[in-house]
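Chain nomenclature is as follows: A, B, C and D, assigned in order of appearance, with residue numbering initiated at 1 for each chain independently.
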């Protein structure tokens, strides 16, 4: 249940684009320890990936309208420093897709002081809503991430043009 | 938006039966004031009415299977004393139905010291799931509450038998 | 999520100024009926009043730093139409204060079609954090609302002066 | 809701004892996909570890009264099958401690059909509340887990006695 998650992603500069969504912590996010409840970060991650998808060009609602869902299959999150009431937290999100899964990576940063509060990832299956089972990513989704997560390919392409 | 809430129910002894559901406060229920977040009481009320329905003889899931939903149309809750982490809270629930609405009344009491923490009500419409609109309570629901909320009628009936 | 707060303000003098905060519905707000869970509206109301206070000139965190808390003493909310996933909901908030209580009034409107989704109020006590008990509103808070919530009285007063 | 905690206990000596807490899924736990929202499982895990600690002999509130907190430093959870409205979910929890951390392992099982719904762990630091920083586990906590998580050592000890 433990092994570190993948080498994944590109070590090079052309990595998947990062988007930034902001959430302001309300009392409803906090708990009696005076900090954001660990479970409520899952809401922040959702805001991050929803805005990431929107930035890529497909609102999640559109993906559903196409007949697909991408439920969370796994989450891993490390809590490094507590977030507190009224903090503005930036959810910096990247995504990459394989044949049958999408992985979002998150870094949560407090705007005021730039502190890294938490980092982790979610892994998602792609489900055909009508058939109710996991399927390979349809072209419309694969392309959404491919164009972005493999800019190396793009560069090669443009290199050929010269 | 204000008027005090109803003549509610019978002032006499035969009032609608009260059920008691218990919830133990977790960190996820509390906020940075050190007390249960006001919005999380809505979860407690849901536990109260779900267990009340079950006690009347119909799990809410069964009501849905019959083709009906009873969404919340209104809530009113007064917060009298704070509930804290690890408190066991009793949700004491009564219900009564009119032609087209169901009303649940709640009193939330801390088990340890008997303190009344909050009291209020929710009012629910009855929605025909297929048609997607509000309807009169179907017999199966009306009877569920009638037998209980109008014991006066029962008494009269039995009085006639003598 | 990221409660945007507005210049908004009142066009005329007589009514308490209304502010508009916006929240976008995420999956975490919804329930298996496909709509926003009734309890999660309480989060939206919090966003509304927090941004309202900020617009009046005092972040809630500043109020706490002054030694006061304004916990919710009562909530009433009517649910008129369901809010759904990805809806942007405007929380239109006004406030007025009496000697020992603050009341916020809310109207929740879907941005896309202008539909009124819910309306209601919360009533708040003012608690001296050090003494842990309810007190009259301190001047700093009373003035925050007074200038705004009873301009009529002010006008009358100045009319008498002439 | 009302995390029932169990006699449970381990059949054999080698493994940390497993406790079983039960939660019934309410609408407030679910989302518009018709299943439990991934973030709300964090509440279930909290119920599991709180009842585990209670079974070991120390309510979390007692640990706090001793001047310690054990905030979540990391969570990992795999979602294998969806939980739905009204399901009763068993949170089967084990724990083990190292010098400066406590790890809880969870398996979530649907009571009705025995399906494994999710599995994962949380890792916790031990914080000295007064000093506000991470410390080694104090004896009172270390013993709580030691006696249970290393019964092999105990057996060896008693074997030597013969």
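Convention: a contact is a pair of C-beta atoms (placed from the backbone, for glycine too) under 8 Å apart; a residue touches a chain by one contact, two chains touch by 3 or more.
Nothing here was measured: the structure is a model prediction, and the numbers come from that model.
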Chain separated most widely from chain D, comparing mean CA positions: C
Higher-contact pair (C-beta pairs counted), A-B versus A-D: A-D
Rounded Å distance, chain A centre to chain C centre (Cα mean): 32
Centre-to-centre distance between chain B and chain A (centres being mean Cα positions), rounded to whole Å: 40
Intercentroid distance (Cα basis), chain D paired with chain A, Å: 28
For chain C, residues that touch 2 or more chains besides their own: 27-28, 33, 35, 37, 39, 42-43, 46, 85
Residues on chain D engaged by chain A in the complex (per definition of touch): 33, 35, 37-43, 46, 69, 71-79, 82, 105, 119-122
Residue numbers on chain A that touch chain B, as the complex places them: 27-28, 30-35, 37, 39, 84-85
Sites on chain D touched by chain B in the complex: 1-3, 26-28, 42-43, 46-47, 50, 59-61, 85-86
